[in-house]
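Read from first to last, the chains carry the letters A, B and C; within each, the first residue is number 1.
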Amino acid sequence: CPPISGCNDDMEELLHWFDLIGIAVFAFSGVLAAGHKQMDLFGAVVLACVTATGGGTVRDIILNIPVFWLEHTYYLWIAAITGVVSFYLIRYLRVPMRLLMVADAIGLAVFVVIGTQKVLEMGYSATIAIVMGVMTGTFGGVIRDVLSGDIPLLLRREIYATAALTGAAVLVALDASGQLPRELVVAIAVFVTLAIRLAALRWNLSAPVARFGQD
Amino acid sequence: CPPISGCNDDMEELLHWFDLIGIAVFAFSGVLAAGHKQMDLFGAVVLACVTATGGGTVRDIILNIPVFWLEHTYYLWIAAITGVVSFYLIRYLRVPMRLLMVADAIGLAVFVVIGTQKVLEMGYSATIAIVMGVMTGTFGGVIRDVLSGDIPLLLRREIYATAALTGAAVLVALDASGQLPRELVVAIAVFVTLAIRLAALRWNLSAPVARFGQD
Amino acid sequence: CPPISGCNDDMEELLHWFDLIGIAVFAFSGVLAAGHKQMDLFGAVVLACVTATGGGTVRDIILNIPVFWLEHTYYLWIAAITGVVSFYLIRYLRVPMRLLMVADAIGLAVFVVIGTQKVLEMGYSATIAIVMGVMTGTFGGVIRDVLSGDIPLLLRREIYATAALTGAAVLVALDASGQLPRELVVAIAVFVTLAIRLAALRWNLSAPVARFGQD
């Protein structure tokens, strides 16, 4: 729904707010990554925009629907303005790596759930909804990490893909049960994803790690 | 063709089997790459799925046809299950790097040929069929290597792009000559690609290498 | 317009020439990057083709229009032939890094302007035209740098994104004012982009750099 005139129903409004929050926190995480690599202002803003819009762009291209920011240009503006503001803001920050992780976790949680929900509504199966939801939530961060020259957070051992998969699966399961109002289902799935990811960061949790015979 | 009810003709069945083999060996190569980087279970499974489906996904997006795994979800399941099984299997392996190369070579050979064949059947020219075939066969591995933080095998000096180009060209040439049954043409092209790539690995062959005046 | 029979008007012809120049210089820059990483002949040619066509491919996929080289195969041939010729040519070169930067700057300037112009003509807003123009001009180089294992030039601190954004904005502004002939507008925008980028390279100019509180 458009930014000023509002949405048609509560569900749409909730998803729209989550969308805007996701765009802003991922843009912020892009600027933090740019700070670690001493990029310049416009490099940082480009990285902010790519991180914020990358997951949804890949989702829309694969589903062959119009890329969301072509029609709703304000997503780009929110990402760019957040990028510029963050660029000057981070000069007063002292814990950038932890902040990047938390911003990324919030973006991950809202985008996984929004992506899964949108694809379910389009009539796809649970499998596709979960895969596309995980993709929506993770690919912006993957692009950010690859462009910054890092191994993507998604593939490291800190319960990242696990949190995304669980959140998407919780949404699909609660949606299929049909017991709870849809707004509540969305809020629970966001909460679960975020809680798993923040718990993994806080207590350094890790899933089983791949290793070879001779190790 | 669907996994249980079977295919309409022999050619379709051959291509379908090659497709499934390609998905499985590329998924396995993704888990091996994950093992080298000590990724966790779900990170490894995500990398397996992306490696297995990446080349075909890029091909379908560029040709603007429905992405193959949106309709045939079992491709994703095969990649994911192969990923989980491989994750536990590699704990008993001792020569992971060589195995990664061989699995990758098999995937390369079948996907280059399937990709070239599909694009020829859609009525595109030989040039486009070869380019799209090489892309189908190589981009999954490229994505795997980029996400793992390595220079893609495709661009290193071990006769990788050469094998893919030769295999695609052999298919196009034999197809144009029209002398041989199509199943045989496909099998020969897969064999040629695989033979060149494995020979390059076995005897450390290399094409001419780019170098500058001052070197 | 096709390579032999010519174009319908002067504007189309100017853009077409710029397009061919952009393809050739980006292909050359891809081979230079391949030389720095000692890739082999076909790896270098693949990198040349991907660098030359990457930006326009991503643009066409996002706009959901046919990818330009599917119909006009000669773009691929120009990239591939430039790649092979450059591969042997660079053996006689002595300043490859500077040359890579200059070739990249020319490709950037022409592709940013062509991309912006094309998207304006399709009826999109100034915001989308600028974003897509910057994408057309920069993504080929981004893919080249990521595949070579480098942080993209786009994100480093040498006035790269800044030059692209300024060039695209100049085109949109002059186009909106409607005072000048369109060929001149295009030529001015290319000149401005190139001048900013080359000046940044020559005098080591840099935009403000992202940094944290504790630095």
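Note that in this section a contact is a pair of C-beta atoms (placed from the backbone, for glycine too) under 8 Å apart; a residue touches a chain by one contact, two chains touch by 3 or more.
Worth saying up front: this structure is predicted, and the values here are computed from it rather than measured.
Asker: Taking all residue numbers at the chain A to chain C contact, is the shared part over half or under half, that is, same or different?
Answerer: Different: when the shared numbers are divided by all numbers used, the fraction is under half.
Asker: For the two copies chain A and chain B, what is the rotation angle that overlays their Cα atoms, in steps of 5 degrees?
Answerer: So the angle, rounded to a multiple of 5, is 120 degrees.
Asker: Suppose each chain is reduced to the average of its Cα coordinates; what separation in Å results between chain A and chain C?
Answerer: Measuring from centre to centre gives 30 Å for this pair.
Asker: Pull out every residue in chain C that's touching 2 or more other chains.
Answerer: In chain C, 61, 64, 146, 149 touch at least two other chains.
Asker: With touch defined as at the start, can you tell me which chain B residues reach chain C in the complex?
Answerer: Chain B residues touching chain C: 61-64, 124-125, 127-128, 131, 134, 138, 142, 146, 149-152, 154-162, 165, 206-214.
Asker: Quick check: in the complex, which residue numbers of chain B touch chain A?
Answerer: Residue positions touching the partner: 31, 34-35, 37-47, 49, 57, 61, 64, 66-67, 70, 73, 76-77, 87, 90-94, 96, 146-149.
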